[in-house]
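To start, the structure under review is shown below, and the notes come after it.
Chains: A, B, C and D, in written order; residue numbering restarts at 1 for each.
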Amino acid sequence: MTITYLEAIREAQEKALRDDERVYIYGQDIGTLGGAFKATKNLAKEFPGRVLDAPISEDAMVGSAIGAAIEGMRPIIEMQFADFSMVAINQIVNQAATLYWRTQVACPITIRLPSGGNPGSGPFHSQCLESLYSHFPGLVVMTPATVEDAYTMLLEAVEIDDPVIFCEHKYLYNRLKCEVLPETGLPCDTARIARFGRDVTIVAYSAMVHEALAAADQLHKEDIEVEVVDLRCVKPFDLKTVLSSVARTARLLCVGESWPWGGVNSEVIASVVTHGFHLLDAPPQRINSKDTPVPFHPSLWGVHKPSSQVIAAAVRRLCDW
Amino acid sequence: MTITYLEAIREAQEKALRDDERVYIYGQDIGTLGGAFKATKNLAKEFPGRVLDAPISEDAMVGSAIGAAIEGMRPIIEMQFADFSMVAINQIVNQAATLYWRTQVACPITIRLPSGGNPGSGPFHSQCLESLYSHFPGLVVMTPATVEDAYTMLLEAVEIDDPVIFCEHKYLYNRLKCEVLPETGLPCDTARIARFGRDVTIVAYSAMVHEALAAADQLHKEDIEVEVVDLRCVKPFDLKTVLSSVARTARLLCVGESWPWGGVNSEVIASVVTHGFHLLDAPPQRINSKDTPVPFHPSLWGVHKPSSQVIAAAVRRLCDW
Amino acid sequence: MLDTLKQPKRGVVSPVSREQYVDAFNWMLLARTVEEKLASLWRAGKISGGVYLGKGQEAISAALGIMLKSGDIFGPLIRDQAGRLAFGESLIDVFRVHFGSRTSLSRGRDGNVHRGNPRGGYHAMISHLGSLISVVAGALVARRFQGDTTAIGATTIGDGGTSTGAFHEAINMAAVEKLPLVVVVVNNQYAYSTPNSRQFACSDLVERATGYGVEGHSLDGTDLQECLEVLGQATQRARSGHGPQMVVGDCLRLTGHGEHDDASYMDKTLSQTRLGRDCLKIAENYLQERHWADHVLLEDWRKNAKEQVENAVADAQHEPLADPAMETWCPYATKRIASAVLVR
Amino acid sequence: MLDTLKQPKRGVVSPVSREQYVDAFNWMLLARTVEEKLASLWRAGKISGGVYLGKGQEAISAALGIMLKSGDIFGPLIRDQAGRLAFGESLIDVFRVHFGSRTSLSRGRDGNVHRGNPRGGYHAMISHLGSLISVVAGALVARRFQGDTTAIGATTIGDGGTSTGAFHEAINMAAVEKLPLVVVVVNNQYAYSTPNSRQFACSDLVERATGYGVEGHSLDGTDLQECLEVLGQATQRARSGHGPQMVVGDCLRLTGHGEHDDASYMDKTLSQTRLGRDCLKIAENYLQERHWADHVLLEDWRKNAKEQVENAVADAQHEPLADPAMETWCPYATKRIASAVLVR
């Protein structure tokens, strides 16, 4: 029996609901329908009254989760698409993210953002907002790249006492599978070496880990050994693991699907060069989506976001430095 | 007769209203009151019907400006504080910033954000959101540091066919003065060398330019000559001028008041190292506000944001590299 | 391109004339025909992205569309195919955008319902529900500045969309400014899978009008005659200086939320009620009862609609698709800024 | 610390008893005394940041505060000094937070009106208007999950705050969930300098209640007796399962928006109307007319309030101020995350 990335998210929520009575889920169409992507399939039936359909009021959805968290609950909010979280951002970054700092009362809410592009989704159903939320103090921003991480990190997100932005990638929902869900995983603030290599370090997260791995497979045939670091969590992120990988390879390429200006890539590069400048034999490089909205047409979309081909080409250039 | 930074903003709006009948201003309390900071003092009287008090509806304020821009107007929106623009961010980044790309219809709106800290202002009246807005494709983000720039750049913002986020710094409002307003200024996509020096390049913008200059004054006495580049506009920013300064000094320190993760500093550093790695003799460094909300108490606030002392110390370390 | 498409002869006629009814009916029919085609193209995998249809809502949408005149402003939402056509959208534009053609209004950059030609008064929605209302209101603010005293603006929103903060802010602001704005709330009983009972607690959304200080109207969305009457009146009131009008039309979504959705969550008994009537069928009967059209004429109209649609599809299919090589990858309109960005 | 401060004896008494009236009056008097002190401290430059006062709104605020019981939830806004005190805020906390004391509820991190003790049911507002309502609603959702069937939540908002999308979303959601939430709209005629006429177009904000499907109440905010009666009723209705209650209280802001503001933009004639009456004076008269208090007793109460305030100020002034050296500069509650962040 195999389990998809999407099913792992459902399983994690089921387990959280089962194990912890403080957990409930709130979001549009998550009850009878089981969510636009079916991430809460049957949960409303299994846990009556704890998986609730919300009106189209993202601000109030998040605000109410904050209030419930103050009273000791551990709400999970499903945004129908990451993009719609923009109308709740004030509650997220100004109310939830500052609550502990202002009042010493923790705000353990998890906000699930179905993120990233898919062919034909267009500019308002494709956004990657991890870079946006990471800018704000007080949020933990998770970006799982594997089925296992989708499962254990979501459980961790619910456990953590801070507001977590859980960026689950829609492209991976049904494309990634694993055999069996793990009991435990790495803590979110630890990156994972997804592939070992000696020549170049690629730092990636979420769906881009798989593009990086595909590029690494290709480059292996060309005798270039790429090390792929999966950040797993982008705020905070595990600089130590990144630096020690760069210490081995002396070359860094960052790959992320969000927009270039001030994104994860620029933060990783800035952190690496301020703390590990001497480790680098070549200028660090980055590949992002293009700096335009995400296009609708699949042929435009395919070029807008980073692909394994573009990554491989960048690695080759880095090796020739 | 001297003119303050705040008065320059008023003068620019007066000139825009006078010269271009497509211009109008919309914002809370900007009519009779002349705005919370008096940036529109008397303008409602001078231009009847063109300086309008808005309800407390930031989303609708920006949405309506977009509609008016589509019909050929050039609205200026005053946010009472930058912080409150968060409840309008969806209109700004998803509607205004994408309009031209989606429809080939330009969206010439200017959104004025009274930004940055002042003693005793606290976490929700002090924010610097330039890094946030710069992340999104389609916006121009201006951050004037001088009275002259406040004036000419605001006029330029109104002229530009794209949505402009105009980050005016409240700390500078009454503290900066000049003798006479210039007729013309540099275009916004050109940075300015605010002080020439040979040893270290400091890249700064907005109020931080003045902290950098104060540090440079101090360091001059210690025989360290700092070059200060005032970015003026952070999205897009003038990488060429930054690179050519770094080419001369071989050392880079970036200073910005916004939060560290993925801010202007990290974008500038990432751009410099990817394009000018070989120019640097030492790891580039950055100083931001601390990664917490902006504290209320002046003594906390003074340490939360970068100061000339902290900048000077960082420069000394850089020189000792 | 839309600028010339509105016939100025249109406007309010009360009581509803044959001419107006037939006009609206034909837009309904054309919309239904377009949408049936879209659905089959989608099933055949010929469309990338979703397809969202307005089946059951054509009467409201068409009636609104024909009440708008040249120079008016329209901000349609996802189920407004009929209104779009009545407002002047050309058939080929519908298919171009669904195919992602390079010549489409968005040049393949956005798809399906997000199309528009804003400078022609035909707004292009973004997905975030509620956010278009203030844009249409702002366009009317501009018209006021420009001395245009005759144009009105209209936009639609679903029962679900009324729960957004954007909806509230926009209507309130339009009321303060007394703008000639018509907001049509189409209560099709569901927001995706969410029934009214989980969306709001008032007994009828029209009760919100008083709280905004705007005029409220109700209509039965399955009855074209009533749609024409009420929307005729509402647009007329807006046009003659009575400020924003809120029209709440009741109907039932006779399709899934999108074509991917089998709508199995819907309360089956609703389709047996008055709400569940197919407005197109009701209108056909009405035409026949009144002797405004007989079988032969109806069949003629149907054939005509089909032909138009088939031609448009054929034409659109021949057009070049979006091509990354031809993309500028630049979101800026200002030349200087664009070149500064592209240089890098 | 607040947990123990509410006396459970409080609740609805109808008609208003002397005990209740006197209780509320004394909170009003104490609040007025606190605020006069804050104003003079501000003028003397002893407070960093702004000072925002509730002069003219004490009757509404105090009446609301005393209707809340131990275990209830309160989300006060900027002009709720009286309600805060009645709900159990200690005087020293008021001054600590204004001085930026290290021992204040926010430890100098936030100031003036942003104080609270959320785990004690006493919420700490952020500046963004409207955004607290859904938080209070959410706290009530939690209570429902936890099986608490007696607690209610109350929060206030200004006339200006009703124009925010957050206000709309929160009330609508609370109505759908039928939460025991009391939203008190204090219409003091102005939002900073903006008069009602530029804020909304309905004739009375209470007209919004029907549109949300919640119960609406109106009161004259200058009349403590009416405040007690209506808020008694509204809290009682919420408590007994009738869902959200919207109470609209009319009054006039008898001070600037903040102490920096001379309010010269205000319509001077308003202060001559019933709205412009000082609720504290009216209440004094009422007490005397009813023979519930005479000059001597009133003077006694005044002296007592002054003494309490002076003592609290003196105590707060002796406390250590916020000190950057003692700051952790870490916004995370999770130990592991905090240490990961601080290591760098």
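Keep in mind that, in the parts below, contacts are C-beta pairs under 8 Å (C-beta built on N, C-alpha and C of every residue); 3 or more make two chains touch, one makes a residue touch a chain.
Since this is a predicted model, take the numbers as computed values, not measurements.
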{"item": "Maximum centroid distance from chain A, chain identifier (CA atoms)", "value": "D"}
{"item": "Rounded Å distance between chain A and chain B, as computed from the means of their C-alpha atoms", "value": "30"}
{"item": "Mean-CA-position distance for chain D and chain A (Å)", "value": "40"}
{"item": "CA centroid of chain A to CA centroid of chain C, Å", "value": "36"}
{"item": "Sequence positions of chain C contacting 2 or more other chains", "value": "106, 109-110, 114, 126, 128, 163-166, 169, 172-173, 176, 198-200, 331, 341"}
{"item": "Touching two or more other chains - residue numbers and ranges from chain A", "value": "54-55, 57, 59, 83, 86-87, 90, 94, 97-98, 101-102, 123-124, 137-138, 291-293"}
{"item": "Chain-level touch network, classified as line, ring, star, complete or other", "value": "complete"}
{"item": "Contact set on chain C toward chain B in their complex", "value": "105-106, 109-110, 114, 116-119, 123-124, 126, 128, 131-143, 145-146, 165-166, 169-170, 172-173, 176, 331-334, 336-337, 340-341, 344"}
{"item": "Sites on chain B touched by chain C in the complex", "value": "24, 50, 54-55, 57-73, 75, 87, 90-91, 94-95, 97-103, 105-108, 137-138, 140, 160-162, 187, 189, 236, 238-239"}
{"item": "Sites on chain D touched by chain C in the complex", "value": "163-169, 172-173, 175-176, 178, 197-203, 205, 207-214, 243"}
{"item": "List of chain B residues in touch with chain A within their complex", "value": "59, 83, 86-87, 89-90, 93-94, 97-98, 101-102, 123-124, 131-132, 134-138, 235, 258-259, 261-267, 269-271, 273-278, 280, 282-286, 291-293"}
{"item": "Touch list for chain D against partner chain B, complex", "value": "47-50, 100, 106, 108-111, 114, 126-130, 160-161, 163-166, 191-194, 198-200, 265, 321-324, 327, 329-331, 341"}
